[in-house]
């Protein structure tokens, strides 16, 4: 049972994190735009998170923090 | 043919092709990348060859080899890359090989910045490389002039067997202006009997070389070079003057800076202050005479050298004025561009002071 | 709850300027994590290249120098000879290292300079806008290879790791990739080994990291990872070409 | 009198293209023109801008430091360039993305919801044409027809379908400032 | 009586300036003989290095250029691209090619420049008076290695042929020696093959020739040949590293 | 300590070691090879490190790295090698790194020759590299002075965080003269808190850099550099004058050429002709004032710049004289050395003309 | 049965030729000095010469011409 | 009055060493001195030469263009340097290797069979010392004893055996010009 937090304003909307989540809970938030002008990544159903940190490891901009 | 909008860098490249340049060796660097990029697509169409060299050092030595084989060849770079080419450039000058080198200057020193500058004036005109030698240095102030000068540069290079440097800045390279490609008037050029193309068994072997191990020979070679340079000074010096009549202050500026100076002259005119402009088109040979004449002109109270540098060409202005009138300097550097307003204020300060 | 992943202290708080999805960011992070894990942040001196990673001097939380294009190994040599106990590394792109800096990297390896070079191979000149690199694949388009790199005109891509592995004092040479999490983990292992070999004074160490340039490849970040896997790895096989075990 | 225009926005908002089209049109009308882009290393998300000068006289400095008009497509551009407009000059603001109002009162300020209009027309991509339409209506720098000639040349062939769309964008933009 | 040996027309009548017993002279002659035998003298363009062979432009009876130190491959590239039908060759020493010119030779090979490089490895800087070369053997004394080259300080000698053989478009790479008549004959064969491969447009070709420097080795010419055989050949094994058969 | 005969190159190297230079990175080239050769044997004795770089380009960048780590470091070369170092030199100037660079000049251009010359004056004083920057340029005229100036060069470099160029010629490098190694007076030097030696966790990370991507920043950096250069001009300008009192003609010459000029002065004296000498010891900052004063001196009819070049320093002489008196040039180049006789004849011609 | 001729004034006295002659007839002429100031190589008993050209092949200064 | 000497011969005849020894000796006697060698790339068989200046005044140009004495050890050196001797100056010729006679009559010419004498003494190597001995006798540039002090310093330790030989060479050389 894991928890991920996004340093949202550092996100560049590259979507890499969304491709590696084993439980496919990382998605782009198309409704919001961060200060950089990108749709930031976010997690829908946090309870599904395994805390595997895959999303954090592939994030090129060190946006993601993972706890378990 | 109607005028078309061309980006400076691409216009320079196309002008070279129109002038019969078939070979280009270069290495990427901002703000001149459109030149090699254009050449990479264009030269194959005319049966020429574009090659991205492993470095500027390699590029200039490829130019040496190709020029030594009699080809019309060009390279281009920006400040740091031109610094790396200095050894190659003095070899080319020493071996008397014709070629065209383009420097789209950016801010320095070191890695500096990538915005427009004119801080490579000393390097270009006094010789950044070792030894006594000269490059012909052409300084266009518009894309149209760049196109015309680049085409002529190849003829000048061939006529005198000397490298020609076209000195632009980031603005010339990046901006778009209307251009009309016109034939430059043909010069009668010497045959390249010295080129290494294989003897074909018809002649003694040709040797391209800059080594003269006997100092007496080396000195003789230098004397010959300087005879040639005298010729070039006599025949190729170019300058534009603007509004000199009755001018109280004369701006001296080249390249894009000269256009900013013209704006300043026009706004000064509105305030009833007469300012004129001397725009060297050739930075070497330098148009000393035009400046001497202006210095002798009664109305002229002072000179102001306006540059995108900390003050380099101003030395040539002083050498030409030779103490007859005060010579001042106004410049911005590191990629900052002078404004007409800045020049106007400087001019007023000087005239105030000169009164 | 325990923290399983957070930003390493090997990095400053300055956000990267890289394009969205550019794997330079991943590689920065891996190097910084290794420095932290080996307790080297305080005794590390890095050399930034001229390339998209030019601002690396703002990102790594250790002393840094910005070297002239291609000369990072020479600058690092000067640094290491003055600071033999420091962990000295260069971070260089393929234009910087394999093109203009070819002589400097070959000779740093020949001398067995006790430094670690992180060689970021993205098969293109990123910073200047997508010109051909020595590592650009045959047929791959670049702004100076508009019809794609042609073998007969521009030759075939340089395999830097294979070439340097022929040099006796290049004691650790490995090629890795960061196109997926598994390979990212492996890449970090290689970088760690390289720094360890350096600190043991074994000789010159280099890790070649296959990286993406979505912007100049004209692909989305996700497509870029796929392109790397499908096109670069076949020509640039991953694996270790030199390791300290061989070199006793 | 010369037109000296600053056009600015995010990379991707088409400010460079807008400037080129305007310059091409002015050239076609026999004017002297220059187009000068901002340039830099590949760092995304920065603001792109270009300077266009249209004049009966030969163009002096290609840099615009005293703009007769500034067209700003995003907030950073407004902050950066509002001060460069000459008194009495025009400041055209893309109100779809900029909630902020202009601070000066010695210039003419126009608010054009360019993205909203573009979206209505079916593609956000032509917000730049909306702004250009507004600018033309204000300045009369070139005839709208000449702009359309240029656009027609650009989108010859199969892309021709988008020509009417661009026309529409210009018209809608102009309407905002009538 | 028939002439079995006389001076080739590939050489001018100018006497060599080389020191007594310096094998540069032998290598010059072999190259010139090959040019004559392949009928290439009239369509050959040579590039002289900066080194003791700097005056090669006076000795070879074909068109010649004198290139900047280490840049002969770049100059030759310019020449060959302008004269694709000519036989273009560089003649370079180990300082010229392996040290300052390392990037130029690697990239000429990478591009598959259709030239032939004669690489004269005498393990020293001759012209300038005996400084250390990248090819100087460990323990060998030089004026800049007064205690002999030390592996931990200056690394181990660069094996240029082995390194270049990793480059796909280096289609012919062979190391030969001229320390006795038998090897002189073999050396000439290799040089001939290289020029043939060039004229067939196969790619980049290089022949590394182990050579003596009696003056800076501090040996008589006869001793020097022996020293070459006993000390250089063990580290620089003779043989072919790349030939056009492999490269289809 | 008694005087000993030292060869110029070796004396320069030993002087550097005495000044605390522990690192040397160089590449062989005639006529300066004795410097690296001496260092290769000497530096290990003082716990330093000599490294023969793969090229001059690598050497200067090794110097960059070592200087950036706060070490006292030197490199040396001769003309073609110095041309290759231009990019590295402007980086060092831009990053404000202290180091000492020695150029034992030979004839040019290109491969040129190996005999003594002074034809790298422009490159040395105006900046052979791109951008606005200055090197402090010291020009010894004897082996003893070379020894003294080299030792001080390291202090000047550290005091101002600026590269210092010691400009000699083949004669200075190759000849033997009596030398006494004397302590140079200690300056109080700033601590090198900026050096990259590892943070030790005690401070923010240090960054050695010359890139300023924002042109406003880049310009500010240039302004700061030129503030520093003003300081240097104020504090470090050096010149020797000889026989100026009542001189009709003033020779301006530096380095070994100044000694030949002295011989000429003495033989002219025998003929009752009064000639004097101004010998710039620092070529940058240039001793303008000394020349201005001489120009104002009633007895002086003319100046003669004597150089082993086709005429380079003469421009700085003209700038200083600023039209007050005629300035002439006499030079030999390509490795040829002026003779006292040649100078004497030239002087008589001028004075004859000036009468 | 061969014949060798030496372009004597080009000889630098390096002695390489003397080491390769199968019949050991190439020697240095210690009694004479050529214009270059060297003792030149020469052949004593020419009739022994096999015309193998070994001497010519190893001569760095192209001094020797061989007939057979 | 200053001594300005040119010494020249084949590489290997020891002209450089001869010049250094003279300069060292003069320095020991408190004079101002300079020694300037010819230098060049490794090309054998050329002539080597050096300039030595000994003076009460500080030395001006280290190059000797008007020699008070020229010591020539081989034919090419004679041809090259005879003209550089000042009228009244000395030209010392190694008559063992130079059959040629001097052409000028405004200078003092001395013929010293240096190699023959050296061979008599058992080693051709010290022909240079024979010439030096002759020069000292003619010029008195330094005392012979000072030269011997220098030589003694040079050949300290096991090479000391050759010291008397050098002494003898100087004496024999001097004898030739008495």
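A few points about this structure:
Chains here go by letter, A, B, C, D, E, F, G and H, matching the order in which they are written, and residues are numbered from 1 within each.
Methods note: a contact is a pair of C-beta atoms (placed from the backbone, for glycine too) under 8 Å apart; a residue touches a chain by one contact, two chains touch by 3 or more.
Everything numeric in this text was worked out from a predicted model, so none of it was measured.
Touch-path distance (fewest steps) from chain B to chain E is 1. Path length between chain D and chain E in the chain contact graph, taken as the least number of steps between touching chains: 2. Across all inter-chain contacts, the pair with the most C-beta pairs is B-F.
The distance from the centre of chain B to the centre of chain D, with each centre set as the mean of the Cα atoms, comes to 35 Å. Note: centroid distance chain A to chain G, computed from Cα atoms, is 84 Å. Separating the centre of chain A from that of chain H, both taken as means of CA atoms, is a distance of 87 Å. One finds 38 Å separating the Cα centroids of chain B and chain C. Under the contact definition stated at the top, the residues of chain B that touch 2 or more other chains are 30, 51, 54-55, 57, 80, 87, 91, 95, 110-111, 114, 209-211, 213.
Of all residues in chain E, those touching 2 or more other chains are 19-20, 54, 66, 68, 99-100, 102-103, 106-107, 111, 128-129, 134, 154, listed in ascending order.
The set of chain G residues that touch two or more partner chains comprises 12. Taken in their complex, chain E has these residues touching chain B: 12, 41-45, 47, 54, 57-58, 60-68, 71, 74-79, 81-83, 86, 103-104, 106-107, 111.
For chain B in complex with chain C, the residues that touch the partner chain are 27-30, 33, 36-37, 40-41, 44, 50-52, 54-56, 80, 110-111.
Within the complex formed with chain F, the chain E residues making contact are 50, 54, 66, 68-70, 95, 99-100, 102, 125, 128-129, 131-132, 134, 143-147, 153-154. By the touch criterion given at the top, residues 3, 5, 30-31, 114, 170-171, 174-178, 256, 259-260, 262-263, 266, 337, 339-341 of chain F touch chain H in their complex. Note for the complex: chain G touches chain E at residues 2-3, 10, 12-16, 19-20, 38, 51, 53-54, 56-62, 64-68.
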